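Pasting the structures here.
Each of the next two complexes has chain A plus one other chain: chain B in the first, chain C in the second.
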Partner chain A sequence: MNTTVARLTARGLFGRRRILILLAVPVLLLVIAVIARNSTLDKLELAHSILGNLALGTLVPITGLIVGTGVIATEIEDGSIVYLLAKPLPRWQIVTTKLAVAVGAAWLLSALPTYLAGLILYGSADGIAAGYAVGTLVAGAAYSALFLLLGVVTRHAVIAGLAYALIWESLIGNYVEGARTLSVQQWGLSLTQAVAADGTVTAPVGLSTAVWLLIVAAVGATALASVKLAGLTLNGEE
Partner chain B sequence: MAVITIDKVSRWFGNVVAVNDVTMTIGPGITGLLGPNGAGKSTLIHMMSGFLAPSSGAVTLDGAQIWRNQQVYRQIGLVPEKESMYDYLTGWEFVLANAELHGLADPGAAAKRAIALVEMEYAQERQTGTYSKGMKQRVKMASALVHDPAVLLLDEPFNGMDPRQRLHLMELLRRFGADGRTVLFSSHILEEVEQLARHIEVVVAGRHAASGDFREIRRLMTDRPHRYLVRSSDDRRLAAALIADGSTAGIELDTAEKALRIQAINFQGFTTLLPKVAREAGIRLYTVSPADESLESVFSYLVSS
Partner chain C sequence: MTTPAQTHSGVIHDIGYRPYTGPRLGRGYATRSLYVQSLRAAFGLGRSGKSKVLPFLLLGGLTAPALAMLAIAVFANLKQMPLDYAQYLSNFSVLTQIFLAAQAPVLMSRDLRHHVVPLYFSRPAGRGDYVAAKFAAMFSALMIMLSLPLLVLFVGSLLAKFPFGDNLVHLLYGLVAAVLYALLYSALGLLIAAATPRRGFGVAAIMGTLMITGAIAAIVRGLTGGYDPVPRESAYWAELISPSGTVEGLVNQLFGIGGDGPDKLHAPGSLGALVFAAVIALVTAGSYALMLRRYRNV
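Coming up: the complex of A and B.
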C-alpha cells in the first residue's frame, strides 16, 4: 500500500460526478427493499430476486466495472498515470493500492447496501442477509480485480467489461451450465449458500471450487495487471 | 555525471518505422532535439523516459537499461507533453504528491523548493485545472524537479507558451544546464533550440540527420542552396551583375512571372550581395522572396547531405 497513491486514486474516483451515479444505484436497491418488505409475495423468493439477481447479479458487476476501471483506466486514458509511473515505485504496489481503493469502494457501494437491503427485506433470519453480504463482498473484490486488469490492458475497458458482465455472466451463465463454473456471480452465490441456512440458497458451483477460482482470478488478475503496468507504453506522436 | 546512450535504436509500430537506427549520446548540459513534427522526437523521448521499449538496440542511463527499470526514475525528471495532471489537485498538492511518490525524506520541503524554483508560489493553492498552459508547464517542471534529478527530459516544453513564459522557462533550463545536469528538450523550431542548446541533435523522418554544436548545424542549414524569387526595375541587368559573383549558382529569367529565379550558394554572401549590387547599378528591387524556406525543405536538405 502506498498512501499517496491511495489518496490520489480515492480523490479521482469519488471526486467526480460519476460518484452520484454510483450512489444512485444502491439507494434504488434500498428503496426497492423497503417497497418489497410490505409485499404479500413469498419473502424468500423476493430475497433471491432482489439480493441475488438484482444486487449480486447486476449491482455488483456494474459497480465493480465502474470502480475497477475508474481507479486506473481514466489515468491511463488521459496520460496522467505518467506521474505515478515515472517514480521508483514497484508496479505491484501501485496496482494493489489501487485495487484496495476499488475493493473498498465496491464494498461500500454494493456489499453494504446489499446487506442493508437484506436486513430490511428479510431481517437476520436464515442468514440470508449475511449470506448475500458475503457473496457480494467476494464477488465485488473479484470483479474489481478483473476490471482493473481490463483497465490496464485495453483502452476499451468499459465496453469489454460490460460485454463480459452482460453477455457472459447474465446471458450465457444463466443458460449454459458449464459457463456458470467460470462466473464470478456464481462463485459469490456459492459463498452465500455456505453462509445462509441449509436449503435456503442453491448454488450450482461447489464451495471449494468457487473459493479456489475466486483466489486464482483475483490474484492472477492483480499479478498480470502489475506486469502489464510495468510495460505500459505511451503512444508516440505518430 | 548522467549520460543517456541511445545505441543503434530502432522503433517501429506495425509497418511504420518511427525511429530508424539512431545512435546518440546525451551528456551534461542542454541538448536540443530538433526535427519537424512526426520525425520521431516523442518516440525517442518516450524510450529515454522508459515509456516505450526500443524494437531493437538499447537505451541506457549510465549503462543501466531504462525500459522496465523503475530505479532510473531516481535520476530522471520527466516533463511530458500531455497536459492532463490530476486537475482536481492544487499546484501544491500535485507537487507534494510527486515528492511523496519519490519517497523523499522531507516531501514538504522538497515540494516547497521545487515550487519556488519555478516561481509558482502565487498560484499553488489553485487547482491545476484552472491554470494556463504556461503555468501548467511550470508546475509540471516543479513535479519533475522535486527529487533533484540529474537528468531532465522535456517533450516540446515551449508549445503554446507566450513569449514571456518562454523566456522564463529558457532561463530556468539554462540554470539547470549550468548546474551540470543533463537536460534534453525537443522542439520543431530551430530558433528555439538555437537560443538554448549548446548541442543539437536533429532527427528527420526517424533518422538521425545531424549532431553537433548549434553553429555547425546553423551553417549546415544556411549553406545549402537557397532559391529566391526577385523582381526589380531591370531584371536582365541585375541578373548579369549577380552572376558575376561567386555566391550565385544560377539565374533564370522567368518571362511569364516577370521575375528572376536565383539559386544562391552562400546564404550570408548572397543576402549582402543582392542589395549592394542593386544599389550600385541603380536598380530598384520590388520583390525578394525566398522560394523554399519551409522547415521541411531545410530538414530534407540536411538528410540528403
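Coming up: the complex of A and C.
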C-alpha cells in the first residue's frame, strides 16, 4: 500500500463529480428497496429478485467493472501511467494499492447499499441481508481484481469485462449448468447461502468450491496483473 | 535614431502564389464525409484489424442464430419461423446493446479526447451538422446490425416456401421495431458517450444504463403484479423505465405480436401505445437536443 498512489487513484475515480454519477446506482437500489417494502408480494421472493438479480447480478458486476478498470485502464489509455511507473515503487505495490482502492469503492458502492437494502426490505431475519452483503462483498472484490487484470492486459478491458459478465454469466450461465461453476456471481451466491438461514437461498455451486475458486481467481488475477504491469508496453491508439 | 522606413527597404516579390480556385464542396459535402467516416468507424473499417473484431463478431453473433433457426425450421418441417421477426430482435437485444456501448464512444469520445472537435467546427460543417452526421452514422450502423438478421430470416423463409405475404408483413413489423430501437439507442448512447472523453467510462455507462433500467423495469413490473398468474394490465407501464422494454411493448401492442398469452410484454391498451410512442419520440428528441447543447462549447 502506498497512500499517495491510493489518494491519486481515488481522486481519479471519484473526482470531478464522478462520485455523484457513481452514487446514482446505490441510491436507485435503496429507492427500489423502500418501494418494495410496502409491497404485498412474498418478501423472500422480492429479496431474491432485488438483492440477488438486481444487486448481485447487475449492480455488482457493473460497479466492479467501472472501478476495476477505472483505477488503472483509464491511466494506461491516456498514457499518464508512465509517470507512476517511473517512480521507484515496486509494480506489485502499484497493483495492490490500486486494487485496494477498487475493492473499497466496490464495497462502498455495492456491498454496503445491498446490506442496507436488505435491512430495509427484509429486516435482519434469516440472515438474508447479511448473507447477500457477504456475497456482494466477496463478489465485488473478485470482480475488481479480475477487471483490474483485464485493464492491464487489454485496451478493450470494459468490453471484455462486459462480455464476461453479460454473455458468460447471464446468457450462457442461464442455459448451461457448468458455466455457473466459473461465475463470480454464483460464488458470491454460495457464500450468501452459507450465511443465510437454511433453505432460504439456493446456490448451484458448493461452498468449498466457491471459496477456493474465489481465492484462486482474486490472488491469481492480482499476481498476473503485477507481472503484466512489470512488462507493460504502451501502444498508440488503434 | 533611424526610422523604420529607412531600415526596412524590402521589396515584395510576386512569387506566383495563387488562391484556390477549384470547387468549394461546402457544408453538405463535409457533413456527408463525416457521416461516411463515422459509419465506417462504427464497424472498424479503415482502422486496425483489432478494432474490426468486435463489431463483426457482434454482427455475426446476431445473425448466426437466424441461420440456425432457419436450419431447424427446414429440417423439422415447421410451417413458420419459431420466432417472429420483431421478437428475434428483442430476444437477442443484448448483442445490439453491446454494439451500441462499444461503438458509440468510438464515434464520440475519441474526438473529444484528442481535441479534434474544434477542428471540425473550423470547417464549413457546424455543430448541428456534426451531431446530425454522428447520429445518422450510429443510426445507420444499428440499422445494418438489426436488419441483416431480419433479411436473412426473410430470404430463408422464402427459400423454405413459407407463406410470402405473411412473412413480408412480419418483416415490415420487424423493420419498424429495428428503426425504433436504432433511433432510441443511438440517441441515448451518443448522448452518454458525448459526456465523457474516456472510452472506458462511456462503454460502462451506456451498458450500465441499459442493463440497470432493464432490471429495474422488471422489478417494478413484478412489484405491481406484472408476473402474477393473471398479470395486471397496469403493471406494463413499468416497461417505460427501460428503453428496450418501451420499444418491445409498443411494437407488440401495435402489431399484436409477441405471443398470445396475457403475459406477453405489451403497452397497456391504445392509450399505452400512444404514450409509449410519445416517450420514444420525446427521449430521442430530448437526447438529440441535449447533444446539440453539449457541443455549444467544446
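As a working rule, the second predicted complex is superposed on the first by the 232 of 238 C-alpha atoms of A that agree within 3 Å, B and C clash if a C-alpha of one lies under 4 Å from a C-alpha of the other, contacts with A are read in each partner's own complex, and residues count from 1 in each chain.
What we mean here is this: a residue touches a chain if its C-beta (ideal position, glycine included) is under 8 Å from a C-beta of that chain, and two chains touch if they have at least 3 such contacts.
Note that the structure is a prediction, hence the values are computed from the model and not measured.
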First (chain B), second (chain C), both or neither touched by A:206: neither
Touching partner for A:171 - first (chain B), second (chain C), both, neither: second
Partner chain in contact with A:69 - chain B first, chain C second, else both or neither: second
First (chain B), second (chain C), both or neither touched by A:220: neither
Partner chain(s) touched by A:80 [first = chain B, second = chain C, both, neither]: first
Touched partner set for A:123, first chain B, second chain C, both or neither: neither
First (chain B), second (chain C), both or neither touched by A:89: first
Touched partner set for A:4, first chain B, second chain C, both or neither: first
Which superposed partner A:159 touches (first chain B, second chain C, both, neither): second
Common ground on chain A, meaning residues reached by chain C in one complex and by chain B in the other: 78, 237-238
Complex interface listing, chain A residues touching chain C: 21, 25, 28, 32, 35-36, 39, 41, 46, 49-50, 53-54, 57-59, 62, 65-66, 69-70, 73-74, 77-78, 156-159, 162-163, 166-167, 170-171, 237-238
Residues of chain A that touch chain B when the two form their complex: 2-5, 7-8, 11-12, 15-16, 78-80, 82-91, 230-234, 236-238
In the complex with chain A, residue positions of chain B that touch it: 11, 13, 16, 18, 37-38, 40-43, 46, 49-53, 68, 70-71, 73-74, 76, 78, 80, 82, 84-86, 88-89, 97-98, 100-103, 143
Of all residues in chain C, those that touch chain A in their complex: 47-48, 50-51, 54, 94, 98, 101-102, 110, 113, 198-201, 203-205, 207-208, 211-212, 215-216, 218-220, 222-223
